[in-house]
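Below is one structure. I have some questions about it.
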Amino acid sequence: MTETEESNEEVEEKTEEYSGPTSYGVPVTESHDQVVLHPAPTQLLETVTLLKEDGFCMAIDVTAVDYLTHPGRKDLPAGLNPERFEVVVSLINHDQGKRVRLRVQAGTDNPTVPSLFDLFPGTEAMEREAWDLFGVVFEGHPDHSRILLPDNWEGHPLRKDHEVGRIPVQFSPEVGRH
Amino acid sequence: MELAVFIICSAIVLSGALGVLIANNPVHAALFLVETLFGIAVLFILLDATFLAAVQVVVYAGAIVILFLFVIMLLGVDRAEDLGIEPISGQRPLTIVIGSSILGLILTTLLISVSGPTGTSSSVSEVSLGGTNTKNLGGTLFHDHLFAVELTALLLTVAIVGAITLARRLKGPLQPLPVLETINDEESLPEDNEDVE
Amino acid sequence: MTNGKELLLGEPERVFRREESPVLRLNEEEANAAIDDTDALDDDHRMILNMGPSHPSTHGVLRLMLEMEGETILRSKPVIGYLHTGMEKTAEGLSYLQGATNVTRMDYAAPLFSELAFSLTVEKLLNIDVPPRATWIRMLMCELNRVSSHLLFQATNGMDLGAVSMMIYGWREREEVLRFFEKVTGLRMNHNYIRPGGVAADLPDGWREDVKKLLEIIPPRLEEYDILQTGQPIFRERLQGVGVMNPAEALALSATGPILRSTGYAWDLRRHMPYLAYDEVDFDVVVGTYGDCFDRFAIRLNEIRESLKIIEQILELMPEGDYRIQNKKVTPPPRARIDESMEALIHHFKIFTEGFHVPEGEVYVAVESPRGELGCYIVSDGGPNPYRMHIRGPSFVNLQTLPHLMEGGLIADGVAVISSVDPIMGEVDR
Amino acid sequence: MARIPLLGDTNNIASDGLEGLEHNFVTARIEDLVKWSRARSCWPATFGLACCAIEMMATGAAHYDLARYGMEVFRASPRQADLMIVAGRVSQKMAPILRQIYDQMMEPKWVISMGVCASSGGMFNNYAIVQGVDQIVPVDVYAPGCPPGPETLMHSILTLHDNIQSGELTRRRELNQGGAAIDLDLSPMSAETPVEIVEKTTS
Amino acid sequence: MMILGTDPLLSGNVDLTVVLIVLMKVGIAFAFLLVAVMLMIWFERKLISDMQNRIGPSVAGPWGILQTLADGIKLFFKEDLIPERSDRFVFKLAPYLSLIPAFLVFAIVPIGGDFRNDNGGVVTWFGHETLVQVADPPIGVLFFLATSSIAVYGVMLAGWSSGSKYPLLGAVRSSAQMISYEAALGLSIATVFLMSGTLSTNGIVSEQSTWNWNLVTTGVVPFIIFVIAGTAELNRPPFDLVEAEQELVGGFHTEYSALRFALFFLAEFMNVITMSAIAVTLFLGGPNGPILIEAIPWIWPPIWFFLKVGVFLFVFVWLRATLPRLRYDQLMDLGWKILIPASLGWFLLIAALNIANDQGWQSWIVILVGLTVISVGALALMAAVRKAKIQRASQAFEEAN
């Protein structure tokens, strides 16, 4: 945990130094005509609150990306420290027909971001999915549990260091009772 | 032949009654009760009281015991009970004494008043003189004893109202979400549902 | 947001609750303990009932954990993952050309939409524009697919309410659309027809007549559905006022598609953020009024009519030209060229073995599938396979509305609600 | 043998009706009669998983109509079903439940593995999908395709009917003890400890 | 014995021929019912297929007519199971409780006989005068009500004894449903008693021998109520909540397999046939109908009877193919708030008319006054129901906030 906190602080320091274009107080870039914001995990709730007040009324998607084998990506704003795990949140503004995407550098070993449940309860399942498949912790989530895989599954299969291949049938007397 | 039927029915009635007492499981007890009621219905037929026999089955077996079962299943008390426990000490011997004395009293009274079991079937009894037994029964109830019948009906109605008042319990979310009256408007027909943006 | 607008949308308070929420937040062990704990049952007459995952009305393998009092549903929790296929992991091992094969198996009732979302995303990453004919073919096929998907809904919805004939009728009409699909794509479902760069093949000869025939067959059958269902008192009784949701709740729960529109909130990506050529055709966005199951049913029924309207216009507006982009790097050469040209052979070989490289970057593109917003998020590291491919399945998100819609209803209402949300488990579990 | 009788052809109906009972109906052996009835009344369990389930339902609908073979009686309760059509990919999470449902079915019971995902995992050779449902339950007929069209499914159903009627399946079943010979090691679930699945055949 | 009633066969000496005739009747009724059920299942599957643009069973036997036989044999030879958590004795008993009443009811239905010229349906067989029904007890229709109330036990105990949740829910539903609708059923039949003045089925049919069918004389309403309540009593769609496949998997018979399940299946369809037969007897004049060819007069009554029964069977299948299922509370509302008050009101109206006839009052005044009173009552009831609904809704609303 301490490592994560340290890295978070590091990110904050970096963003303070950041001199590029900002929007809602956080660095902003553009990817194929799509607006991408880059808040730090600690800034996430604040940014999303601002966005929500600004008419972004729906959280369309929450997912995560594991950049283990692709560390040197170029599309981050200069000065932002890339981390292994990134949480991607898509919001939509119905009035203006605009989308915005937030890419949060969640950390390397114990990726942690605050849960958006209190702002958008619709993110509950998506955050559970991100935990299930990537092991990203969402602090303050009301039901932080696996959603797609069995409760007693070990590992997070969409991480890049997890095998793709065939795993024989697993049986457990506990699951699947009626 | 009638004697044979009588003996068989008596055996059914008695074994059923005994079963009600002995059965551990309330559902089994209720089933034994049905058995008893059936036996009695056949006994009624033997006495040519066919209407009574049918009503016995329709009302008692068809409605009342079903309600018993309904309650038993709904409340989930359908588990076998341990009969070894006596909530009131000495209740069993006491029951035997009181029960047998009441039985003795009734039998004595009956034997004195009608001078022994007659075995007369109802087709020749007072109720059935002239006309079918349904008609006579109706006549007896709704001509001769109308006041008593109505009084009983009133009593039962009061009992039902009382039971509902006592048992009604308002807690938690009730029925489906508030059904607004407007929902039944014609507006919700799909033809009118299109909203051109 | 102004106050007036909030009033219009309603109060979303219910969905924000952590405690006393309609969502049953129990895990497996706690639920099993509650099931075994018979004393607890006696105390407050509540019981935990498991519905599924092989229950006839749970549309495949959805499992619901219901907390019931008698037959009234108090809280519930959709338990999913029984069809988890690991498609997002598989996608990382497939090239961009093969990717459509993978995503098409997600929403198996409307496979073309997943292909479309995937292809549009890849095209955006590649910065290419497909020829107009490809765009219009895509629109034609997608709208037909929307028709077949909604017909399937009509069938299953009828079945879930006990109208057995509706099941057969819905399938009968769907079969007509599938025949056309088979003619065009070679398959009845899981077509892999829309690919990055265009579509797999041009429309076959006589497609216009086939589509016209469909346009003739389906509308009168929809009238029959109206007679059998819409005007049916029992049917209306079963659906009206059941599973009500207001627009604010739907927005908060990120519900899209017919669920959002049923609350009276007009939001359709085809109109409000047009893609393909939807800004060139005329159609209506169907919205409901009360946000109940009946509205969701009626919206789907009328969206079939709207789709047919669009298809009619496509028949007139369909341009001539290429059905896929003429870019050697992305599209394989025609079969005849391979025999003549060494270069074509090499291109063909490269595309089908290694695949084409896509510039580094990440992008999210969404389309309006029959179930709501279907989005595709792809991260490319410059290689021939997507570094990460994520599909935002509308069913997956919409499923969160179930506990809120079912709260306080009877089991039978629960069945109607599940049916009206119309989840496709392949897309939920991916 | 697997043939669909010409539907409009009423001349053949009488002969088709009791096909397999070649000799006189009255003097037919009881065993033949039982086999005939099992083949003619093969009630499937409602058990759909993925894409194939849609095609399975399409097979039951108007254009293909499984009812012709007395099979429109899809039973929701596995106790009353004779045939389990595993229609679609079987995930690791679903596998124990599938086996449980199979165990709840009464003998004699048959299994059709519909589609490549159920038969072999198909294109999804990854952590989530069971690579072939025959690891969990004994499969009698495999239907190829992704998804198999209604014709393919019907062909596999008719093949099953033929095998039931010829007694082929009953013989095979005796060898593997009705699927009981598939042995499952019930050790705790984890990705690291693969479970041994041994198929014992007493031959 | 009075229970066998007014059959002239038993009024004289009971010799061997008489006993044989009685046995023959029982045998024919039994065999007829079994064959009819077999055909009924086939008929239903074939007809519903037709309504759904399908072909239906066509492989087992000519036109699939042996489909039911195949199902039966298969179920007979299937592995049987008694669930571990079940109550073994009751579990085994329940199917028979369901089946036997279904058989018994058919005994009181007159399926033929000559009812012309106040003949009372008497025919002459082997030199003995007899009725074309197994028994004609003086309480005939009450016997039907009694047996049908026993049939509830089969369903209810089957659900309970299975020892699992879905069947239990099915059982509780069924008992409530059947009791509720039995009241409406009984009240609608009561109007027939008023018109006929007898409970005996033979007597009721005799009263309708001159096209004065009870359908008309009781004013159609009781007939409609009888058909609706009868459908509910049979657990047929749209009232098949007991089995409700979409909600309760299989309802009360979820845990049953093999032969025991077949018995339930059999009982269900047998009940459909007997209910149709009773409806024909009570409202449609039973076997009465014109004798078209005088040469063989005895053949016509059974033909008319089966034709009328066939119409009912068709209607039951039609309902199943068309209507969605009611919800449980809607079912109860229909039973208690509409059918029972309506049948009660109509019963009182008919009774008033009867008294008017006896006393020589003007019948149109009675009808006018009666209808007014009934509609006032109906309005009052509707207002009460509506008020309760609003009250409950507002209460729930307050509690929610």
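Per-chain residue numbering starts at 1, and chain names A, B, C, D and E are given in the order in which the chains are listed.
Criterion: a contact is a pair of C-beta atoms (placed from the backbone, for glycine too) under 8 Å apart; a residue touches a chain by one contact, two chains touch by 3 or more.
Owing to the predicted nature of the structure, the values given are computational and were not obtained by experimental measurement.
Under the touch definition stated at the top, chain A and chain C share these contacting partners: D. Note on connectivity: the fewest steps through touching chains from chain D to chain E is 1. The most distant chain from chain B, with centres taken as the mean of CA atoms, is A. Taking each chain's centre as the mean of its C-alpha atoms, chain A lies 44 Å from chain D.
For the pair chain B and chain D, the distance between C-alpha centroids works out to 50 Å.
Computed centre separation for the pair chain C/chain D is 30 angstrom, with centres defined by C-alpha atoms. Among all residues of chain D, those that touch two or more other chains are 61-62, 76, 92-93, 97, 125-128. Along chain E, residues 52-54, 245, 249, 329, 396 each make contact with two or more other chains. Listed for chain A are residues 148-150, 157, 164, 175, 178, each touching two or more other chains.
By the touch rule above, chain D contacts chain C in their complex via residues 46-51, 53-55, 57-58, 61-63, 76, 88-89, 91-94, 97, 101, 123-129, 146-147, 149. Partner chain E is touched in their complex by these residues of chain C: 47, 49, 55-57, 71, 158-166, 168-169, 172, 228-229, 232, 234-235, 237-238, 408, 410-415. Of all residues in chain C, only 1, 15-16, 18, 21, 23, 25, 27-29, 32, 50, 80-81, 84, 86, 88-90, 92-93, 124-125, 127, 251-256, 267, 272-273, 360-364, 366, 373, 375, 377, 379, 381, 387-388, 390, 392, 396-397, 399-400, 429-430 touch chain A in the complex they form. Of all residues in chain D, only 5, 7, 13-14, 16-18, 33-34, 36-38, 40-41, 61-62, 65, 67-70, 72-73, 75-77, 79-80, 82, 106-108 touch chain E in the complex they form.
Those residues of chain E whose C-beta lies close enough to touch chain B in the complex are 1-3, 87, 89-90, 137-139, 142-143, 145-146, 148-150, 152-153, 156-157, 160, 168, 171-172, 175-176, 178-179, 182, 186, 199, 329, 389-390, 392-397, 399-400.
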